[in-house]
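The same subunit A turns up in both complexes below, where it pairs with subunit B and then with subunit C.
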Partner chain A sequence: MRIRANPNRMQLLRLKRRLVLAKRGHKLLKDKQEELMRRFLGMVHQARALRETVEAELAQAYRAFISARFEMDAPAMEAALASSRRLVELHADREQVMNLKVPKFTVEFPAGAEFGYGYLETTAELDRALELYAAIIPHLLKVAEMEKSLQLIAAELEKTRRRVNALEHILVPSLEETIRFISDRLGELERETATRLMKVKEIVREH
Partner chain B sequence: MSKIAFIGDRDSVWGFRAFGIAAIPVADADGARDAFAAAVREGYAIIFVTEDVYEACSEQIREYRDQAIPTVTLLPDVRGSRGLAADEIHQAVSAAIGADILADSGND
Partner chain C sequence: MADDTRYAYAVARVRGMETGLLDRQWLERLLSETANGALKALSDSAYEESMADVGRPQEIERGLVLALGETLETVSAISPVPELIDLFRLRWDARNLKAHQKASFLKLEGEIGVASGVGTIDVSVLEKAVQEKDYTALPDFLAEAARTAEEAYRDRGELSVIDAVIDRAMWKHSLDTATGHRDTFLRGFFQIEIDLANVKTFARMKEANRDRADLGAAFVPGGTLELSLFEGLLGEPMDAFARALEYGRYGALTPVFREWTPERIYTLELVCDNVLLKEIEKAKTIAYGIEPLVAFIVYRQIEIKLIRTAVIAKLDGADRSDIEARLRMTHV
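Showing the complex of A and B:
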């Protein structure tokens, strides 16, 4: 696909500069794509494995909680849960990956905190269930963080790939074709001028 | 301000209340949509949702896909996982690579 441009030296120079720029942009984007892909592939398998373990752990915790729930009435349960002092603290930061910001979550459990509800109204099942919950909360955050990062990197990869393809398959070839066309055309004009001059010279000499 | 919310059916979310996680019980799809909108307004950094809620709110959730925060994450509910989250990972991979490289190992 040729770009519409007048075949003259000015345009030729301009197109050559654009070609250099397009090639450099292409190389940079390609590098970026490779780096993103490397990170992405490194994370995918980890994320899938993590998702599987967390779902299994969560299922176990749910089972424990349900059996605790059968042994307590709802208001007592509500009161016990509300009086817990073992509150997690979430720190949400953003981490820079190339031009992306991905979330980074860390949790803190207050040191040595007890659940703080009365032992008389609650059951051992509830304790056991909540211990399971406490153990998986950090994993849940890790899942949130990894899956979000994956999504963000995937979207960026898709965008980058589209740009790389546009440069590689459309812009660069059409610039090259136009440059070839213009330099052919200029060469032709030059030869034409040369022959014309020779012809004129001949005519002049004959007189 | 960094807070965690969990929207889902009551049995699934309830226990998390003990850890200061905002457990938001919802009963139906409309309730889920309202709860999700409210959770976003209140600025939770992480919003966990069950698969039912995810399906009810998928349009709202898509709006926040490109942002680091809030992070919306799928969790199975007490009835177990239907594998929606694994599908999500799968989709991200297809989008990123332009081909489905996990197709073989994805269905095992």
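Showing the complex of A and C:
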């Protein structure tokens, strides 16, 4: 599709500059797209493997928890879980990946914190279930971090892909077509002028 | 203790109630049903009254706590010495007191972890006592324990000290009361319970790599196994503990510690219950005495645990083998 522009040298120069810029932009965006895709594919495999691990760990912790529930009555379980004073310190930060800011989580378990329940009404299975759940927290946050990063990268990838396509299939062809049109038009004008001058010369010579 | 004819009526009643205990055949029915079916099946058993208000299997715990409360209350009412049977209910008072104290320190709203209708003291009385820090309405030993627990918590800032202080006081009171009534069976029974509690605590401490100080703080005195035995074995492999128990009263626990794996940690609860059941099997031969009454309470507690396991396993979609792996010797 041709851009509406006056066919003059000024416009031609301007459009040529735009074309150079568009091609450079296209190359840069193409490179960015490739890099994002490379990172995306690398992370997808990692995230999938990590999610599978976390799901298996969660299932194991859940089984331990249900096993604890078999042996403990509901009031004892309620009391035990309500009195836990274990703290998790979560630090949320952002990390720059190309032009994206992806989340970065770090988690710490302050030492000395207690589960806060006694030993008589609770069972070893509950200790195990809670320890398993506590051990999963860093992995769970890693999964959250990776999946959010993947979401952001995927969105950026989509945006970049649309830009690359727009440049490649719309802007660059339009500019080229318009440049070709203006060049043709200017050439035609030049030939017209030359013809007109030759005709004028011929008339002058006859007189 | 020689036959105590004061218990003639109570034992006769208990023998009658024992026929309502769930046997293997009934258990087969429970295992073959769905969670809803299991609830319906319970309505045709000795649990009919306690399950009357339970509409969904998810609420079964309410019915089970009620059933235990009814059992303890009935046995206490027919016992010529209710004070001794009430020691089993006092455990629930201690539990409720701990739950109220912790909720008060953590500023939690509502009755979290409180079971009403099982103990001897109304939960509202306990709640008021904790809120107003006025424990005069409680039995002396419990009031003293509540005050000590409060002070210990203020000093150390650890919630587990509340459990340690109140549990110790509760067990001491149980042992003293049994001794005061010259009831050697009950005293011996409590000692076994204390020993088993200490064995379980030791295993958990070892699993969590806790030190001697933690073990000492959680240890309940009064049993036949001394703290020094556990302390000496805390740094040793589990097998050493198995060897220490092998030729004693708790030899049945040996295989659990020999084949100790975190995945099979539940077998410890199972074997401890079996040790307790083995101990009260002797009660079958006692014609008159507190033994059949205690045995009935223990059987009912185990039965309730089994029903809970079966229903939760069904709600969770667990395999039949998961339930069968948790059967105590009475139902095998």
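Going forward, the second predicted complex is superposed on the first by the 203 of 207 C-alpha atoms of A that agree within 3 Å, B and C clash if a C-alpha of one lies under 4 Å from a C-alpha of the other, contacts with A are read in each partner's own complex, and residues count from 1 in each chain.
Here is the rule we use: a contact is a pair of C-beta atoms (placed from the backbone, for glycine too) under 8 Å apart; a residue touches a chain by one contact, two chains touch by 3 or more.
Just so we're clear, the structure is a prediction, and the values are computed from it rather than from any experiment.
Engineer: Let's test your reading of the overlay: on subunit A, do subunit B and subunit C clash or fit side by side?
Structural biologist: When both complexes are placed onto subunit A, subunit B and subunit C end up side by side without any clash.
Engineer: Thinking of the overlay built on chain A, is A:176 touched by subunit B (first), by subunit C (second), by both, or by neither?
Structural biologist: neither
Engineer: Does subunit B (first) or subunit C (second) touch A:69, or do both, or does neither?
Structural biologist: A:69 sits against subunit B and subunit C alike.
Engineer: Taking the superposition on A as described, I'd like to know which of subunit B and subunit C A:82 touches: first, second, both or neither.
Structural biologist: In the superposed model, A:82 contacts both subunit B and subunit C.
Engineer: To the nearest 10 degrees, give me the subunit B-subunit A-subunit C angle using C-alpha centres.
Structural biologist: 20
Engineer: Where does A:148 make contact in the superposed view: on subunit B (first), on subunit C (second), on both, or on neither?
Structural biologist: In the superposition, A:148 contacts subunit B only.
Engineer: Looking at the overlay, does A:168 come into contact with subunit B only (first), subunit C only (second), both, or neither?
Structural biologist: neither
Engineer: Given the superposition on chain A, which partner contacts more residues in subunit A: subunit B or subunit C?
Structural biologist: B
Engineer: Could you tell me if A:124 is touching subunit B, subunit C, both of them or neither one (first, second, both, neither)?
Structural biologist: Once the two structures are laid over each other on A, A:124 reaches subunit C alone.
Engineer: Could you tell me how near the closest CA atoms of subunit B and subunit C get once both structures are overlaid on the shared chain, in Å?
Structural biologist: 6
Engineer: After overlaying the two complexes on chain A, where does the subunit B footprint on subunit A coincide with the subunit C footprint?
Structural biologist: Of subunit A, residues 66, 69, 77, 80, 82, 115 contact subunit B in one complex and subunit C in the other.
Engineer: Under the touch definition given earlier, write down the residues of subunit A that touch subunit C in their complex.
Structural biologist: 66-67, 69-71, 73-80, 82-83, 85, 114-121, 123-125, 127-128, 131
Engineer: Tell me, which parts of subunit C touch subunit A in their complex?
Structural biologist: 61, 64-65, 95, 98-99, 102-103, 106, 108, 112-115, 158-160, 162-164, 167, 197, 200-201, 203-204, 207-208, 218, 220, 262, 265-266, 268-269, 304-305, 308-309, 312-313, 316, 318, 326
Engineer: Would you pull the subunit B residues touching subunit A in the complex into a rising list?
Structural biologist: 2-4, 11-12, 14-21, 45-46, 48, 65-66, 68-69, 71, 73, 75-78, 80-81, 85-86, 88-89, 92-93, 95-98, 102
Engineer: Over in the complex, which subunit A residues touch subunit B? Could you list them?
Structural biologist: Spelled out, the residues of subunit A in touch with subunit B are 37, 40, 44, 47-48, 51-52, 55, 58-59, 61-62, 65-66, 69, 77, 80-82, 84, 86-92, 94, 101-103, 105, 115, 129-130, 133-134, 137, 140-141, 143-145, 147-148, 150-155, 157-158, 161.
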